[in-house]
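Letters A, B and C mark the chains as written, and numbering starts fresh at 1 in each.
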Amino acid sequence: PRGRFTIASADAAYAFSVGLALHEDIGGFFGMSPRPGETKGNFPGLTQNLRRLRLPVSFRYKNWIANVTPDWGSSSSDGKVSLYEANINYTGFSHTYVTVGYFQPRVTFYDSQSSNNFQMLERPGITNIVRNIAAGDSRFSAGALHYEKRWWIAGYFTGQSYGTRGNDSTVSDSQTGATLRVAGRPYISKNVDIHVGISALSAFKTTQNSAGRRYSPGEATEAGLTGTKLISATVSNTGPVWAAGPELGLRWRRLIMIGEYYHIGVQRSERGLPVVNFDGYYGEATYTILGKPRAYDIRQGAFSAPGVEADFDPQHGQWGALEVSGRYSVADLNDLSAGIRGGKQTVWAGGVNWYPNRHFRVMLDYNHFIVTRNQLPYNISGRNGNSVVTRLQAAF
Amino acid sequence: PRGRFTIASADAAYAFSVGLALHEDIGGFFGMSPRPGETKGNFPGLTQNLRRLRLPVSFRYKNWIANVTPDWGSSSSDGKVSLYEANINYTGFSHTYVTVGYFQPRVTFYDSQSSNNFQMLERPGITNIVRNIAAGDSRFSAGALHYEKRWWIAGYFTGQSYGTRGNDSTVSDSQTGATLRVAGRPYISKNVDIHVGISALSAFKTTQNSAGRRYSPGEATEAGLTGTKLISATVSNTGPVWAAGPELGLRWRRLIMIGEYYHIGVQRSERGLPVVNFDGYYGEATYTILGKPRAYDIRQGAFSAPGVEADFDPQHGQWGALEVSGRYSVADLNDLSAGIRGGKQTVWAGGVNWYPNRHFRVMLDYNHFIVTRNQLPYNISGRNGNSVVTRLQAAF
Amino acid sequence: PRGRFTIASADAAYAFSVGLALHEDIGGFFGMSPRPGETKGNFPGLTQNLRRLRLPVSFRYKNWIANVTPDWGSSSSDGKVSLYEANINYTGFSHTYVTVGYFQPRVTFYDSQSSNNFQMLERPGITNIVRNIAAGDSRFSAGALHYEKRWWIAGYFTGQSYGTRGNDSTVSDSQTGATLRVAGRPYISKNVDIHVGISALSAFKTTQNSAGRRYSPGEATEAGLTGTKLISATVSNTGPVWAAGPELGLRWRRLIMIGEYYHIGVQRSERGLPVVNFDGYYGEATYTILGKPRAYDIRQGAFSAPGVEADFDPQHGQWGALEVSGRYSVADLNDLSAGIRGGKQTVWAGGVNWYPNRHFRVMLDYNHFIVTRNQLPYNISGRNGNSVVTRLQAAF
């Protein structure tokens, strides 16, 4: 990509490149007093998190590419050293990437974007819950992506995530699953871009460890500064788990509006246990005030980041790019008819992103969240609260 | 090495290079039912492992080289981030590498090869057990290697492995040991290459922790997809531990045949406790069907990988390189006269390796293993089983 | 820096560089017999430690720089993979670095030097204790450094260290603090350089975890081969913690003499609990026998490493650079009036450093330490002992 440092052989048979995704979060929570009988949970008033520190390294020989990306970041509490991807790709077919290895399989609208381009700090809760069923970072995958100007498709068979067996020595059988995303652009004009798509994924069987096969979705408050997940459910004796739903996107001049809905179904392995159903959705709007507006990227099947027309230089009246965003997001892990009360989380969020130049940006998000009760010691009667988080980002 | 990306100063005083060893394993076990009273152990039907993800980085100033190689791979269950090597080398003497630091000291025939060139997925069990006495990956070493066209010698004083004290806070004294390997080529012709050698190594004293000084060899089934070691012995109150044995190798046209035998002796620190003896051996044959056959590499004192004469291109009838291998391998951790029953493991293995070009390869191995009983809960009456594992490899 | 491998775009808008700090320690302890009733602690006779393995990677676009430095080293027992820094810098102001992110904030004389230039293997005990209050490696920081020929100033607001929340899941609030260092050079001549300065830092509030807010300084014996800290204190119910003290430095021809004193004050959050006071100091002298003597580096506000005038080449009578050092260091964690007996440690140390060329060096330090008693099982009656440690260093 542009700005990724690359050395290549004179005959173009070889290329080596190294890039960077550095995301540093600073912020905290307020208005988080627990109700009587509840413990506090970890909601620091001011803390930091190295959200992502990825060094994408790429080795190419002709049409064969090995991509490896170590990661020093963490979704909630820094100190984790892990891996974002390690895969082998064949690019000999036009507009197609065939990929095998540890990868982030492209599924759902939000997760098909690079995190460097996110409109807001974190994915909507439901998107994160859904992608973790059989996709997410560093998932062993084998499949392909193909794009054209007006349509896009990607499907992968998937296995375990990097570290699943290493972090739990009782794992005796691994997950298998698959993902599929299909998207199209029914209408394109200078001022309008319409995106429609569907995403679906399934864990055919979930990981078996000493607790059997279980499905345990959970989610923090769309602010990556705490490991405390206010919504959390555990479904035991699981069979296949699947999720599917529609994607919608609209660009009108400088305004982007996107939304997704997902339904999750959890089959059970024991006769008589009820199927469990969860769901969630979100709607998000982003307006580019300064700079080149977000445009559709046909390789990602999603909108890209805004462009900086002139680097930040206040003496010459140049301010880079600026955008504002708002989002309403619901993730519901309650299925009372099946006896599961994981809680329902609603997040209202607003944010502003500033790009002094094409490689750096500053984000600021405010979230207000309302969570209904479940069985956790820090959420016995329901919790409400707020967070303000700033991110400093460098991307090469 | 060829294909490793390198930048050098115009006067050749400085050079920097970065390479890659990426090995991704997919496969599983079958026919692994435990006998009555045994637990199952971890033998997944289908799982994955990032076997090696090494980024060798080299900094040279004149005759002084610093080599560092982080590793995101694991021998059995992925998720481990560690180090393969970090050492300082002096190359001012002809055909000689003087090395100090974390290193894989070159000892035994199999372990003197690069893992990128392995004929089969994993080292023979006995080789792995032997190298772990005082060598193996990321062992602190101080010594030298010298090679000529017809002979080869390397010796190292060795200490602890990277992480030994960090992973066990009760370590109060560290291991010291040494390794020696001497090899020669008594006969060379166009069609024939004969290799003879001996390897020996010793831990003069083993690591002392809260359990005292113990020697605990163990081995999985020569398939890197489980942490369950069907053979495993523990010898307490150990004095010096040593191992030694002969190496034989023969190339006849496109056929390579190699074999090694090792005897392990475990002295005891307490009078009256018997010396414990283990041993093992293997024989392996590899035939290069397509491509340039494996040739002797005088710097490694071992055979190299086959060469690809034309990159994979089915439209032009080019198929890269292809080879088949078979191996019979025995590792015996029983010494009933000394009261130790660690089990004896026999592995029959067959495999095929395909090289579409010089930087990528695909391996497929089938293993059948027969293990005699020991005291482990998953091996009370002996276990037999099978594995099929594919590896995708990129090496730069 | 010189020798760091760099690629830049033709228009100089972009630059990428990668460097190395590799420090490998070998050595051990002797004369460490515990007194009756004491346990031994971990004082191996001969062991190794990968003290630092840092790969500083830098991405620059115009005046904006992202610096990231993974680290495979450990202060005491190897096996740790972590992060040394990950920050974003703005360099658009002359002689100024504005920095936000994980960083080692420059505070205290000793810690303002690069560890590649250290006169002795380890920082003086008191310097290490003081910097850990609100600075140290990989501390989240936001601030700036400015230097001129005759003065130097740096101040940072600081937060948690990388990994604090990840390593302790009970952290419910994070530290906040600040650092300040001001230094000047009142007299400069060809033969004389005088440095005076003050350093101060404070944790306004310390980390809150399940044990409340506590301050727990401790220190090993200025030899990085053991995790056993002979001095160690724990102060509970802490309010703000602060430290401040003067720095003095003198170069006279080839001789460098430096010293620092620090007082630490620990406020208490509960009425009636006494303020706790600790202190410590050191004096150190270094003489450059061969090579270009250490000179003042105005960017660091400290003396740099000696220069190598001709690379090591005994056949031509070239021996590189050589220096000798001695140090007397005291760290006192006793405050008996406040009921805290953490022990007082005195270290006498002598060392020699040899630089065969500008990128490699060998260090050898002898330490004799005398520690008064505290409550630890391995230090009930006081402990004395000695260590000899060699370091092999490569720096690019």
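The rule is short, and it goes like this: a residue touches a chain if its C-beta (ideal position, glycine included) is under 8 Å from a C-beta of that chain, and two chains touch if they have at least 3 such contacts.
Every value quoted in this text rests on a predicted model; they were computed, and no experiment measured them.
Enquirer: What is the Cα-based rotation angle between copies chain B and chain C, on a 0 to 180° scale and rounded to a multiple of 5?
Expert: 120
Enquirer: Mind checking chain A against chain C and telling me if their interface is mostly the same residue numbers on each side, over half, or mostly different?
Expert: different
Enquirer: How many angstrom lie between the CA centroids of chain A and chain C, rounded to a whole number?
Expert: That pair's centroid distance is 39 Å.
Enquirer: At least two other chains touched by the same residue of chain B: list those residues.
Expert: 7, 70, 81
Enquirer: Report the residues of chain C in contact with chain B in the complex, numbered from low to high.
Expert: By the definition above, chain C touches chain B via 3, 5, 7, 18, 20, 22, 24, 26, 40-50, 53, 55, 70, 72, 74, 76-81, 227, 311, 356-360, 392, 394, 396.
Enquirer: Applying the document's contact rule, which stretches of chain B touch chain C when the two form their complex?
Expert: By the definition above, chain B touches chain C via 7, 14, 16, 57, 59, 61-62, 64, 66, 68, 70, 81-83, 86-88, 100-102, 140, 159-160, 162-167, 169-174, 176.
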